[in-house]
Amino acid sequence: MSMNSADLINNAEKEWVWNETPLLKVRGLSKQFGAGCIHCKQPTSDEQEGSRCQYCGSIWACRNLSFDLYPGEILGVVGESGSGKSTLVKCLYFDEETTVGEMSISSYEDKTSNLFEKSAQQKRYIRNHVMGMVYQNPLLGLRMPISSSGNIAEKLFAADHYHVGSIRQRAADLLQKVEIPLARMDEPPKNFSGGMQQRVQISKALANNPPLLLLDEVTTGLDLSVQAKVLDLIRNIQRELRVAMIVVSHDLGVIRMLADRTMVLRQGLIVEQGLTDQILEDPRHPYTQLLVHSLL
Amino acid sequence: MQTTEQKQNNHKRTFNTAEYNFAFLDEGSKREIRRKSLKAVAIPGYQVAFASREMPIGRGWGTGGLQLTLSLLGRQDTLKVIDQGNDDSVNAVSIRRLVEETSGILTTEETAQASIIQSRHRIPEEKLKFDQILVLQVPQPEPLRKVERREERTRIQHAEMDYSAMWLTLYESIVKWGSITLGADYPVMVHERYIMAPSPIPRWDTEKLHQSHHLTLFGAGREKKIYAIPPYTNVQPLEFEDYPFEVESFDGLSCRHCGSMDSFLDEVVDDEAGITIHQCSDTAYCRQQQERIG
Amino acid sequence: MSLILKAIGLGKWFELSLSHQMKVSPFQNLSFEVAKGEFMGIAGPSGIGKSSILKCLYRTYLPSSGEIWFDSSLYGTIDLAKATERQITHLRIREIGYVSQFFKAIPRISALDVVADRLLPLGYSLNQARDRAMQLLERLNIPEQLWQAYPATFSGGEQQRVNLARAFAVRPRLLILDEPTASLDNDTKLNVLALMKEMKQDGTTMIGVFHDWDVMGKVADQILDLRKLQASKEQEQMAGM
C-alpha cells in the first residue's frame, strides 16, 4: 500500500487546520501584588527593570503576558521560583484576581468575551466545566477527610449530576485511570501517599472532561519513581483524551518530557518562547541558556 | 382544663398597658422585624439578618420565634404555642404566658383556631390554612454550617448557588451508611434557589412546607436571622435520583391514645412493662382524634 | 521538475552568554534548491555545520537570517524560517519528518509505542497505530521480544532502528535525515536503504547527511558539498580584496 501522507492531506483536513482557533487566548495579563503607587501604575516590559516598585514595594508578579493555547496542545511554563509562573496559572483559574488583561476560551459562550470580567458565579462555572486544576499541594485541590470518590463527586454535583450510581461509576472509571485500586475509592485521600494524592487530584480535575487542564508543579516534592509515574499518567491522559494542558514547572526535564511548546518566564516577563525542542537546543535568551545548561 | 373564655378573662385582668408596650416589644423594634420578615417573604429561603433583641427568656429558647410572633400580633390574633408538638411543655407554656401577659390576646390549643402558631421542632398534623402563619424557632439557620464554618464563605456559597459541599455530605452518608442518615432539619431547596434549614422538624413535616397554603416564618434569635417560605412555594428536600427522600416510617404502629396510624409518633418507654409504646407527637391532634372517636 | 524547497541566504549564529560572551556561526549565506522527489545529500567534514542546516530546516534551530521556502500541501509555499510555531507543529505532524543522529529515548515508553505515537496525531487509533508500528519494527529487524521493552535499555544500533521505524511509519512530503545509518550493521543498513527507496518512489523528498560516502552515493541525486562552497566563498572574498 502506498502511503504518501503528504498526498493524503485532503481539503477537509486542510480546512480544519486553517480554521483552527486557539482554545485559550490570553492577552496582556498582568498581576500586581500590593497597593501600587503613582510610580508603578503600569508594568514595564523592560527586563532590566525589576518587578518590584522601589517606591512602594508592590510587585508586578506577571507583566503583560500574551499567549495562545491550541486544542490538545501542551504548553510548558518554566522559570525559577518568583518568576510568576504559578501566579499565572492561579490567575487563569481565578484563584488570584488578575489586575489587567484578557482571557477567552473558544469552547465557552461566545468564544471572545473576557473571562476575567465574568461574575463570580460564571467563573465558578468555568472552573467546574471548562478547566481542571492540579496544585502542587494536594491540600489545595482535595478535601482530605472526604472519600476519594466523594472528591470526584463534588465536581460532578457542580455539573448537575445527582445520580449516586452513575456518579460512583464515573468516579470508579476515573480512579482506575489513575491507578487507584477500586477497593480504595471510598478511602479519604489523607490515608494516601503523596503520589496517590496527586493522582486522585488529577482524576478530580478530569471529572467533567474539561478541554483545559492546568498543572502547577505537580511532581515537585515527590520521590523520583513516584514523579515518573505521575508524569506517565499525565502523558497517557493527554494521549487518550487530547486535553490541552498548561504545565508549570521549574524542572526543564518535566517540560522536555511533556510540552510541545514552552514559555520561559523571568521576573514576571516572558523572556523566550518557542517549540520545546528549539528552546532546549537553541536557547537564545541568556537566562534560558543558563536553565538549559543547568539541566542534568 | 381552662376553656378559651376563661383564659380570655384572665388576660384582660393581667395585661397592664402602663408596664408594657402591647406585645412587649417597642413599636420601633416590631417595625424592623416586620420589615425584615417582608424581605424574607420576598426572597424565599434567603436568610435576612435582623437586630435580635434581648428577650426575657434565654437565647436559644425560642427568642427568634418569639420576636417574630410579638411583631406579628394584632389585638384580634389568637396564638397557639407548641414545643415538639406539645402545648403543655414548660417552654411552650412560658412563652404563651409571656405573650398573654404582655398583650392580652387570646391563646388556644386548637390548631384550627389559631391565627399564629409558634412552634419548636414540629408542624401540626392538621393542614394549615391560608390565613394562618406558622412561626418556627430555629437554633441554626445556616444549612451549610456543617460543611463551612465561616459565615463569609457560606454567604458567598448561597449567592453563587455553590452547593456541592452540601450534596457531598449527603453522598458521604450514603457511602458510609448506605442511606442519608439525616433525621431532623433535613435540608431543602426553596423556590429552586436557596438551600434552607427547615429547623429541626422531622422529615415527616418537611413535605408539609411544599406548596403549603400558609406562610411559614423562621426566626433564629441567637443567630440573628429571619427567613420565610411564602404560601405556594416549591420546597424540595435534597435527594439523589436513585436515593429518593423518605419520611419516617411508622409501619404497623399506632398511637396508644387515639389509635391514629397516620400521624408522627413519639416513642415512649414504659419502664414498668419494659416495652416501647407510641403516641402522637401532636397533642392537640391526638385529643381531637380521641374526641372524634368518643 | 518543480522545486519543493528553496533556501536563500540561510545563516545561523549562536550567541552564548554563559561564562563569557561568545558568537558561533556554523554557516552563513547558504542557498540551495531541492526538486520534488529528489534526494539531496549534504557533505563536508565534521564541524562544518551539516547538522545545523538540517536543524534549521526542521526549526529545532531558529534560522538567524535567510529564507526557507517549502512547497507545503497544507499551506502552499511557506517560509519555514518565519512560519508560526503552530504551523511548524502541523507541518511536523503531516509533512516534514526528521531522523536525529542519536535517538533520544523517552523514558518508560515501549519501543512499540515510540513508533505508534508518531501516528496518533494523524488520527490513527491506538490499535491501528500499533499494527503499523509492528510492521516497521519487523522491517527494521528489531526482535519481537524487544517491542514491549523500553528503548533506553537498548544498544545504540537498536535504538537507532527504533528511531528509523518511527520516521518511516509515515510517508512525509519531506524527510530530513541526520546520519541515520551511522550505528547500524550492514544488514539493517540495506533494509534502511530499501525503505528509503520505497519512500522516494512514493514521492517523499529527502535531505540527509551520511557519514559514509558509500551510502550517500547510492541514494543521493544531488550533493551539497559544504567544503567546496566554503572554498569558493573564500575565493570570492580573496578576489574582492
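A few comments on the model shown:
Should a chain be cited, it is by its letter among A, B and C, assigned in written order, with residues numbered from 1 in that chain.
Just so it is clear, a contact is a pair of C-beta atoms (placed from the backbone, for glycine too) under 8 Å apart; a residue touches a chain by one contact, two chains touch by 3 or more.
Please read all numbers here as calculations on a predicted model, not as lab measurements.
When chain centres are set by their Cα atoms, the one at the greatest distance from chain B is C. Top-ranked chain pair, ordered by C-beta pairs in contact, is A-C.
Distance between chain A and chain C, defined via averaged C-alpha coordinates, is recorded as 32 Å.
Between chain A and chain B, the centres computed from C-alpha atoms are 49 Å apart.
Taking each chain's centre as the average of its CA atoms, chain B and chain C sit 80 Å apart. Of all residues in chain B, those touching chain A in their complex are 156, 159-165, 167-168, 171-172, 174-175, 239-243.
Interface residues of chain A facing chain B in the complex, by the touch rule stated above, are 120-121, 124, 143, 146-147, 149-150, 153-155, 157-158, 162-165, 167, 186.
Within the complex formed with chain A, the residues of chain C that make contact are 14-18, 55, 59-62, 73-74, 85-86, 88-90, 94-95, 106-108, 117, 120, 122, 170-174, 202-204. Chain A meets chain C in the complex at residues 2-7, 9, 13-14, 17, 20, 68, 70, 73, 228, 232, 239, 257, 260-261, 274-275, 277-278, 281-282, 284, 286, 289-290, 293.
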